[in-house]
């Protein structure tokens, strides 16, 4: 029964609905963007009504929220955290630093485009994006999940070689354990 | 008939004089002769003891003078058991010290002569029925003991010997005073005679005599506070001599004291006095022993304590109590001798004989250490070794006499005893050997002697019936004063054969 | 020749032969050792029946050896644990020195325990008691110089107890002229009042030492943890039960006849409860598994003592049941610690971690034993604790219940510490090469852990013999009376109502086991414990992130006011004071001849002065 | 046979009820917390969504067998304690497996789950898990004291160790035990604060310090099982309280009302509180709650 | 305040010969001293004068003078005075005495300077890489290090920012300010 195509569809719809409305966020507070998370979560903007909720560890989280520039050193940790998360998982790039380097575009140790190194499902533009933008970013992610298009993790797996090459280019001493997904 | 009790005195005395003569002919004979003599005496004692158990006391008149005028030897079950014990111990100590001073002929000669004198004197104290004769034997024993104490010509041994001599002469003085008192009152020196006439004495004189006897014999029997000489003497004398002190000499002293109190005079309060003084001795000596740093001193104090225990058991005064006292006496003779004998090998090569120099000897001297542990267990009174029975019988005797406080005191003091013995045993087995100590392997004859003692401990421990029959008779014999008097004073029949 | 003689000669002969065989060949020694225990166990259970007895006498003291149903309960513990421990120790002690000595004393202590159970008279009881003491003492000090202190403590306290017992025995003997325990039991009601009070106190001192009752417990943690683990399982599991054995006799035959026994019972019961609480708290504070288990033994014995002291049939039953269970689970746990010690060389929680995948069987048996220890159903410990609570509530010991329950709840803390410290946590490179212990060590543990499960589900197997034994002591049969109170058990404890419950547990358990374990195992991949979510960092190989230092620090801070004062320090102070006093008295022997001469003269003078009062 | 069917049916129904009610309560907790904090808050069914999502997450790794067993242990515990606690007064659809002595049984079985979970948490090797576990066990040693005192007070007052007997007492007399034994109720409710582990006693999870403590390595299905077990367990505990102190319930609606009323206590207390340190928490339980427990015992013993 | 500053200068100048002092407004005093004397003067400041708080160690890259200037800033809780100790080391072969035995926290600053400027501190205890993980280029805080070129070469750049410029240039363009000489010289 479960292998039936139609019922699989129903299961998918339910699951997607659940995933859409229950977003547990691991906020990787790298740059100044971390300061935008508390107002988003607390009573002024109250992201919890969308089902968005903080998660304590990557094992429990659905969404990895990268809130700002990433130095090579931080990137290493972010990749580790991302790979420790369980499927299905999504990445939200937050702020212009993650998109094109922002004001750190010429820094000697800051990456300039997050999606070269990790699959990003949604970018939230701005420097800083205000909590409204953040909420709209979550809403966009929900839309994508509902449509089944938030498949960053799948892409990552498929194009792992390419991602690894890019990652290894900026992280020369690559000694990370083989991770899991 | 192997012989008569007089041989117990005559043969060893003769042998003691023969030793130097024979030594001129054949050097080895000075070692062999005492053994042969002691072996003969042992056989004689055992035979006589068996006989006495069936037929009753043997009284031997010396030089044809009938009691109460002449000197007589009494081989009753009580004296017989003690004499046998002493001779047995003497024999075992002879085995142990056969190779003693192996190279030095003169020294060995002296040692064996003195040792023979010691045994003779002690056996004489036990067997004699005449109070002055007993005094003479006490002197013989004491003098040889002084000499043996100073056997190693060290400063310390000389000092110990001198102390012993000084206190010993005090003892002699008081004994003589007491004897004079008795003779002046009763005109007799025969014990049985004195016993039968004791009621004729004026009470003040009687008490005075008892007090002098207690002091004089108490010094020999090592009661507190008259035992100051003992720790030094034990500690400074050679190992086998220490064993002989514990196994032979003290026993003679205790015998003399007990004989005076139980048979000679019927003074009230002596039993209680024995208990009190025994307890004091026990407690003070055990307390003194726990902080001792030298092995032999510790053993010496423990020995004093044990003798206190024996006195307490005698002081109970019932047949059970005396039985228990004899049991304790035997256990102490065997156990403490074993401790002295094996202990002297454990600290053989150390100058100061410190306890911590026995560390780790269990690995190098397995048999000696094992026997030391066995002796310690026996002396402490751990079942199933011989000491337990002595203690148990003593306790039950005391309980029957309703002396629960005494039991409680003795038991709490036993705890102290346990602590210091087990400390030593632990050191022997589980500590690391001190690097400067070179263990000395015991010679074959020493091993034989010690193993014999160990086997006796085990045998008595597992099957106390081997001796308890004799001891029961012995204790009855001690208590039955009338029979003693009658036996001694009516020896006309015995003269005939 | 009577079978009882044969049994004892077999065991003694075996002990001596084992000792001698050590010089000949190691294999022969091991075989003799195991064979002795096996043969005597078989002999005991096949040829010797309840009620058999032999009479003989030593030096006019009539003695009697025999076995009754009450002793048989404890023989289960002694011989059962003995057989298991013998197999275990053959493997555990391999390669150590002085094995002849060890096996000899091991056998002697087993013999003496059997002897205690089979003594019908006080003298042989005492003899075997002391043999048990010194043989176990010799094993306690087996491990070398650093354990001598615990050995001395042990022997000192044991001797204190033994002498108290000796005192009581001679008191009984003096009063009844008989040494038979049976006679003592019958005569006790007619003893004078002073005897009635003192005898139980003296006996309880003796048994309390072995059962590690509160003020007398100070030897136990050190002695348990310092002896070789192969023996500690017997030491803590069986030998301490001899104290319980005696205590029950005392309570049944003596305390019942006291003019007013309430205060007596209450005192002992509270001592037991305090023992349980303090033992638990100290167990929580330990960082060494051996010490932890040793304190835990003290605590568990506290429950048993409370049960014995309360003394209702149900409480007695629970105490006896807990004794059997404690022997099983503590035996298992000590064996597990021994296995870990053997394989890794240490028993410290902060050194060994993550052994679960290396020593799975050890883990499983310790897990079962721990569950039983914590008293969680359906394992054996629960049934015992349940009966204990029921009996305490029924006999109106309200505060006592709370105390016991507190101890029992806090026990989870150290239970978890034990499992976590050794088996869980980060897997370390240092212990990568660790293998499972040899089969001879694992099998006894597994067998005992399985028995715990069996006895927990079918407690009737153990309760039947216990009931028989209690009838010997004069209790009416408990079958069917209080069992029917509870749906948990039917008449004989082999549950009716429990069955659906057990099946429900088993069913759901199995369901989730299948759902999560089997399915999950197929789907999931094992990752090392270095792969943890620690803020994106990967712990390096040499970094050990296991949390093992100061494990229950906050809890201990909360209870520290209770634990601040240690019994041991009082004893130490007393001991030092006594020794100083003795040292002062020792100066009586000044070593000066003149002084001695003065003593003699003073003595004479005193005697002369007081001659009338002394010899008047 | 028919009986067994009833049992099975009752067990399934109770499980479903407990699961749904428990999850709803947790959702309501979030909602109410949000309202107190002047937020709109998630919908009341948010936790259902969370649970479904967690169950749909993939679990691709494990740290060992115990990690699988840990959630299983806690689930088994929840189900067994639910089976033992009577859900309704004398309803034949919920003939729970109660028996004489089930209170003691419950006391022990209820700690089995946390212990199992602790084992699972221990195997993951995350130090935070172990720290959380030690805190949880310490706290348990704290709140078990007033809790047991309250139960013992009831046990001695009514000479029974059975929950059904206590319920019958209340039905017969028409008085709830929370009124006739107010101190016991107080002590038990204070202990309940610790049992639910809401603030100020949320020292186990403590997401800010310990990254959710014992759960920190468990995502997806592990967390799903833990959450559902937790909600079942919460409902079971609330039902137990209702049974003991509030006279049980005649039908499910009354039960839900009563349990919710009880549930408000730890919830509201938690919303308005910060967090204790471990030893503060332990000592808190040994303070007033134990004092009330003592009063309860005195009341039961003397009157 | 002034007296205290004077006293400090007095003390230092009498005790150390090759030192020049400079008094600033507020609670600041500067000393210039050769690099060999640095441990001595720091020890002296700490032990004899009670300047037991090391606030900072800074480094200035004097590219034109081919020297690094290292500034130790110490603070006294009793005098309430900041003392700046300046010294200069050769830029080609920058070796400096390590002072972390005087203040343990100096270790942190020194490790940072080592990574960022490439200054060697003798006997510095620096077990791992500190701020720069996996760094392969030249010390990045040196002024002759071209960060933009490095970044363009190493990190992939999203198209559309090719015309991005140095922020200083933008400022100059907007304000018409003249760049200082050295900035002109090393302008890209």
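Order of writing sets the labels: A, B, C, D and E. Residues in every chain begin at 1.
Going forward, a residue touches a chain if its C-beta (ideal position, glycine included) is under 8 Å from a C-beta of that chain, and two chains touch if they have at least 3 such contacts.
None of these values were measured; they are calculated from a predicted model.
Student: Return the chains shared as contacts by chain C and chain D, ordered by label.
Tutor: Touching chain C and chain D alike, sorted by label: A.
Student: Starting at chain D, how many touch steps does it take at minimum to reach chain E?
Tutor: 2
Student: My parser should flag the chain pair with the most contacts; which pair should that be?
Tutor: Counting C-beta pairs in contact per chain pair, the top pair is C-D.
Student: Which chain's centre, taken as the mean of its Cα atoms, is farthest from the centre of chain A?
Tutor: B
Student: Determine, using the mean of C-alpha atoms as each chain's centre, which chain is farthest from chain D.
Tutor: Of all the other chains, the one whose centre lies farthest from chain D is B.
Student: For chain A and chain C, what's the span in angstrom between their mean Cα positions?
Tutor: 59
Student: How many angstrom lie between the centres of chain B and chain D, each centre taken as the mean Cα position?
Tutor: Taking the mean C-alpha position of each chain, the two centres sit 79 Å apart.
Student: At what distance in angstrom does the C-alpha mean of chain E lie from that of chain B?
Tutor: Here chain B and chain E have centroids separated by 94 Å.
Student: Whole-Å distance, chain A centre to chain E centre, using C-alpha means?
Tutor: 39
Student: List, in ascending order, every residue of chain D touching at least 2 other chains.
Tutor: Within chain D, the residues that touch at least two other chains are 59-61, 211, 216-217.
Student: Where in chain B do residues touch two or more of the other chains?
Tutor: Within chain B, no residue contacts more than one other chain.
Student: Going through chain C residue by residue, note those that touch at least 2 other chains and give them in order.
Tutor: 525, 527-528, 530-531, 533
Student: Which two-chain combinations touch?
Tutor: A-C, A-D, A-E, B-C, C-D
Student: Touching residues of chain D toward chain C in the complex: what are they?
Tutor: Those residues of chain D that touch chain C are 4, 7, 11, 59-66, 68-69, 71-72, 75-76, 79-80, 83-84, 97-101, 104-105, 107-109, 111-112, 115, 118-119, 122-127, 130-131, 133-135, 137-138, 140-142, 144-145, 148-149, 152-153, 155-156, 161, 211, 216-217, 221-222, 225, 277-279, 282-283, 286, 293, 297, 300-301.
Student: Inside the complex, what are the residues of chain A that reach chain D?
Tutor: Residue positions touching the partner: 14-15, 17-19, 21-22, 24, 42-43, 46, 48-49, 51, 53-54, 56-62, 85-88, 180-181.
Student: Quick one: in the complex, what on chain A touches chain C?
Tutor: 57-59, 76-78, 80-81, 84, 176-177, 179-180
Student: In their shared complex, at which residues does chain B touch chain C?
Tutor: 159, 162-163, 166-167, 170, 174, 207-208, 210-212, 214-215, 218-219, 225-226, 228-229, 231-232, 267-270, 273, 284, 287-288, 290-291, 377, 382-384, 388-389, 391-393, 395-396, 398-400, 402, 404, 407-408, 411-412, 414-416, 418-419, 422-423, 426, 429-432, 463-465, 468
Student: Over in the complex, which chain D residues touch chain A? Could you list them?
Tutor: Answer in residue numbers: 30, 34, 37-43, 46, 49-50, 52-53, 56-61, 205, 207, 211-212, 215-220, 223.
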